[in-house]
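The following pair of complexes shares a single chain, subunit A, combined with subunit B in the former and subunit C in the latter.
Let's look at the complex of A and B:
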């Protein structure tokens, strides 16, 4: 690896750290300055000043803002996200550690399904260009992309869960089964869990598949005009081989980049689906935390999402520098 | 007839005197325009019914020549703008709040009128407590205090409670308009409808239903859900409606509020008052905790001692401040001066002051907790200042109630099973509550059979009526709640410091229209903080009425000296 690439990666790493620092600072201020009160759920007819003082002390909100910020930053360096305000006896890490896997399962399976259908569909649309099928297919894809996720979710829920009673409507499994899962492995091995995942995965994939499909279709159309594709055809290769081996392989690259970044964005973007299907993931916890003005939990959840997005961007940058020598070279030119 | 007239005129004269003495003089000058008013409520997304009601009333208030803004904000923000912005110069809001929609929910311990009578209006809780409207009336204070200590004579207490309701209605410090009918849906294919108990002021989701509901077949699991938070499983924390359902089943109490709203001995075999300050409680024989240990009088004593435990701290200004370890339950135990253990099953409570509500708001309120589990926890908490009992989550919660813990996943579900060792063994085997944030999913599940008991419905009650009509296996239950919806006025400041102005605003609330159209008939008219569900405490002379009438409101303002300018804007007297 040349020096340019090393400098480039180091530079991008420092940039990522700076971005994260700015994000945590903004998060810290945003929640504290927002007009919302973490004591809202404690107000009762017997609520006293005494109780209020005790709660503020317990949450550390009786200290000056600057001091709270310093404590917060130091704790963050130790990866200690603090105690939640609204869940008794749980740390933010406990909650996020329980939520994150569920969000990842849902995100990855939907992305996988979406990109599989999207890429194949894109190829098919390109091959069928100008036909009635292509027009119908593209219109359908645009519709799924434009339809609000909660609405699609509700429709699927009503039809498959409540009318046909084919699939369960919410959660990751009945409590009676869930409490016996002691590890993530138990959960993953349970058919019940996968059955519960079908509807939310399908809803999310229905929305996500539009991007790779349309991207793949337009890339294919572009690639199909290239000389080397014409050459392949002239060489007598079958249309199938031209499409898959020659055109599709070249058209795939931008789609893969979109996938890398898509993972990051989807982790934080499942809020609506998780709410509709009562899926116990990061997005649902985030909504609850904001509703209850649970600062540490909301900050922690946003921080996690930001961390994943920044990390995925960092990975994409490194991949670029490795795949495209010009990136490293320009960095070296700037250094020297 | 003439005696009645005389009595009314005496009351009216007294009230007039009280108003002159109590209500502070407005700071505005004569002929000045009444400034614009902000009326708060929660958002439409949070509680559509409250939002719509407020919108309607705001429209009507504009007809009085007022400039009125409806400010709908989320609950956590509303607390900032109401609770913490009650006095000029305090809180985050630009100015103290003026008028807000507010809601009190029904809970079993509110079956005694003391909680509302005292905590909503007594001047001692004006600064940091629930009298956020700032009502300050020494005569009312005297009534609220007198009813509290009137232990022996229930009729005398009734008279005091009635008088308190008269004063509040006349002074129009809160404009009550409805007690909701709590709509609940039960699958009567799975459960015998006759075994479902309606508790006065609460509805069918109550302790008596949980222990008495009979399954019709082999399926003995009751499945319910909440759209709200289920973030605690702790006998020393009051964390909201859903967690309260769980704690009341897992932990027994010395007394329980029975279906007609009266406290009766439960874990106690007897509760005997020796005099207004001393009460001897004897526990039932043979009760055990879920871990097999015997329930004894020192556990019962400790349950109160834990609520009283705390440390005294000195702040920067040298003021001493008591910090209770169980801040939620401390107020309910505060009146206990001493607890004496007589034998294994008997103990004597001595109170600081006589309290008519002690049985309801203490003996039937505090959960019995095992001393062998909680003493080490509380002792540890006493040495720390970064945590209190609210922040404790036992790995396996141990109570002595008719249901015991099986599993709890925060904000996901609670699973309980019937406790074989309990003397009141429930008919069902398992009780499950799921958290379903999506209301539509709740509706779908009760219809599909995934859930069989829908107890909480924040949406349009008419929707429930529709699904019950469409599904033969579902029955709708409803009861008038102890809770109520009302508009609260900040009586500290003009124009709401003027009783005539408040009464005029009360005339702009179209009570029947709201009941028929916004609540779809699922509400009863309200005129007091004591619900019609508490029949005993409503045996009073009729309270003043404020019928919906914009003309009436304008006439009232006019007679109080208000006038209007050429543009129709209201001017101060």
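Let's look at the complex of A and C:
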């Protein structure tokens, strides 16, 4: 790794921190826009003025805006996201810490499935170009991208959970079973958990597989035009070897970057799937928090999701510049 | 969301592939490009056809819809006609006892609203959101891309850093928060999309402008004394407008999908029927456990059709502008 690359990574990192800081500031201002008193759902109508003031003071809402902002920033640095309004004063961090693993399991397993199918499907579509099968396959993929995820989830739920009664319809497991999961490891070792994961994972993967498939297909078509592919054909390698070893390996790079970006954006976009399957993750917590006007929790969940996205964008940039040095140079030109 | 990944990926993947530009007068090249898209690509034409049909349905919705989409229907005894099956699915004679004639193409909801009429009226919010959000995204993205690319320097830095910030904000969560803080209305989705989604269009247009501004006709315009704004909007803009159309078509698709998601999560105006709202209604009133496919399937199909129409048109532009991606 030469010095240029190190400087590039460092620059990108500082830039990501700046972006995060701006997002955090916007988030602070956005939640001050919230209608009525941020404690509206918390304060009982029977409260006296003094009780109300005491409550406002407890959440630091009686201080001037500038001071609140400074306190907010310092708390974020300590990863202290405050107390929730609706979960009887539980800390936001506790709730999000319990949600995060569930969101990650769902996201990673469906991305894995989607990219496996997508990459292989993309190679197949490129190999089959011009055929009827290719047209049918591509149209099907476009359809899965156009169909709303929650609708696909509803159809699968109706069919597999309610009509055939094969799979559970919501959550991560019945309370009796969840009670026995003391660690994340126990949860992951439980077949009940995996049974609950099948439908949401499949629904999400069905949507997510389109991007790697279409990307892989067009990359393959581009790579197959290159001289070195023609050369290896002329050298007498089998069509299979040309496709997999020579072309696919080179067409994979952009797909890998897309996967990195995909992790961040799926975690932000999982909201709808988590809602349909009552999956106890970040997205569902965010929706509930907003519905119940639990602003600290909503703000915290939003911050968490943004943090993951910005971090994954950073990783994707680095990965891209390391994998393809040409991009590094032009990207550096863009940064300066 | 995934479209961001795709836009970023598409952008970097296409860095080497500069869009094809035409010669001739601005209006004419624009017209020719648009004509080529729909002549060459039958799927794009099909997309246009879908939009045309839904537009007609949306305009004539009150005339086409047999019933009011919001008012529960009552039978001769004054009870709500709850959960009526579509007449072609219902057992014959079943309705006689209930005191009404079943003429419902898609049945009724659990409180007796006509599903078919809701479906017809739903096309209004889908198209309204789709087209206005797409127009906002395309216009904002194009102007920002033009300014950043043409002026460079600190203007470029600020605008592109703003794009970075927009790329870091989670899209659906942002829209949910905006929709919850303001009075429920379909315009929340449009505003939130306009605030965030210009980022893709802006970046791509900027990189195209960087190429175009080095071309001879721009220098010629500058030498002949044209002002910066004139060069940007009269000389450069027409060449990149097809790109704006490309991103605009995709934005229609994303806007319709997003509006559906937000309504499904329950952040839309309950007085405005939309396909997403219908699905939320079905979901919350346990249509799933009753296996009421006649209620669940049609709204989703309509969303899928209109979104695909946007995709088809976008891909049509893509293939004309970036011929290397063309299906071979």
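The definition used in the following text is that the second predicted complex is superposed on the first by the 294 of 336 C-alpha atoms of A that agree within 3 Å, B and C clash if a C-alpha of one lies under 4 Å from a C-alpha of the other, contacts with A are read in each partner's own complex, and residues count from 1 in each chain.
One rule holds for everything that comes next: a residue touches a chain if its C-beta (ideal position, glycine included) is under 8 Å from a C-beta of that chain, and two chains touch if they have at least 3 such contacts.
Keep in mind the model is a prediction, meaning the values are calculated, not measured.
In the superposition on chain A, no contact is made by A:244 with either subunit B or subunit C.
Applying the stated contact rule after C-alpha superposition, one finds that A:292 touches subunit B and leaves subunit C untouched.
Once the two complexes are laid over each other on the shared chain, residue contacts for A:162 go to subunit B and to subunit C alike. Taking subunit A as the reference chain, the count of touched residues is higher for C when subunit B and subunit C are set side by side.
Contacts of A:275 after superposition: both subunit B and subunit C are touched.
After overlaying the two complexes on the shared chain, residue contacts for A:112 are found with neither subunit B nor subunit C.
Of the two partner chains, subunit C is the only one touched by A:142; subunit B is not. In the superposition on chain A, A:53 makes contact with subunit B only, not with subunit C.
In the superposition on chain A, contact is made by A:151 with subunit C only, not with subunit B.
In the superposition on chain A, contact is made by A:215 with subunit C only, not with subunit B. Residues 35, 154, 157-158, 161-162, 169, 275-276, 287, 291, 293 of subunit A touch subunit B in one complex and subunit C in the other.
Those residues of subunit A that touch subunit B in the shared complex are 35-41, 43-55, 57-58, 83, 86-90, 95, 154, 157-158, 161-162, 165, 168-171, 175-176, 178-179, 275-278, 280, 284-285, 287-288, 291-293.
Taken together, the subunit C residues at the contact with subunit A in this complex read 1-2, 4-6, 8-9, 12-13, 15, 160-161, 164-165, 167-174, 176-177, 180-182, 253, 257, 260-261, 264-267, 276, 279, 282-283, 288-289, 291, 293, 296-297, 299-300, 303-305, 307-308, 311, 324-325, 327-328.
Across the complex, subunit A meets subunit C through its residues 15, 18-20, 22-23, 26, 30-31, 33-35, 129-130, 142-143, 145-152, 154-155, 157-158, 161-163, 169, 207-208, 210-211, 215, 218-219, 221-222, 254, 257-258, 261-262, 265-269, 271-272, 275-276, 283, 286-287, 290-291, 293, 298, 301-302, 305-306, 309-310, 313, 316, 320, 327, 330, 334.
Note for the complex: subunit B touches subunit A at residues 73-81, 83-84, 92, 104, 115-116, 119-120, 125, 127-130, 221, 229, 231-234, 237-240, 321-324, 327-328, 330-332, 385-388, 390-393, 406-407, 409-415, 430, 432, 434-438, 440-441, 444-445, 447-448, 450.
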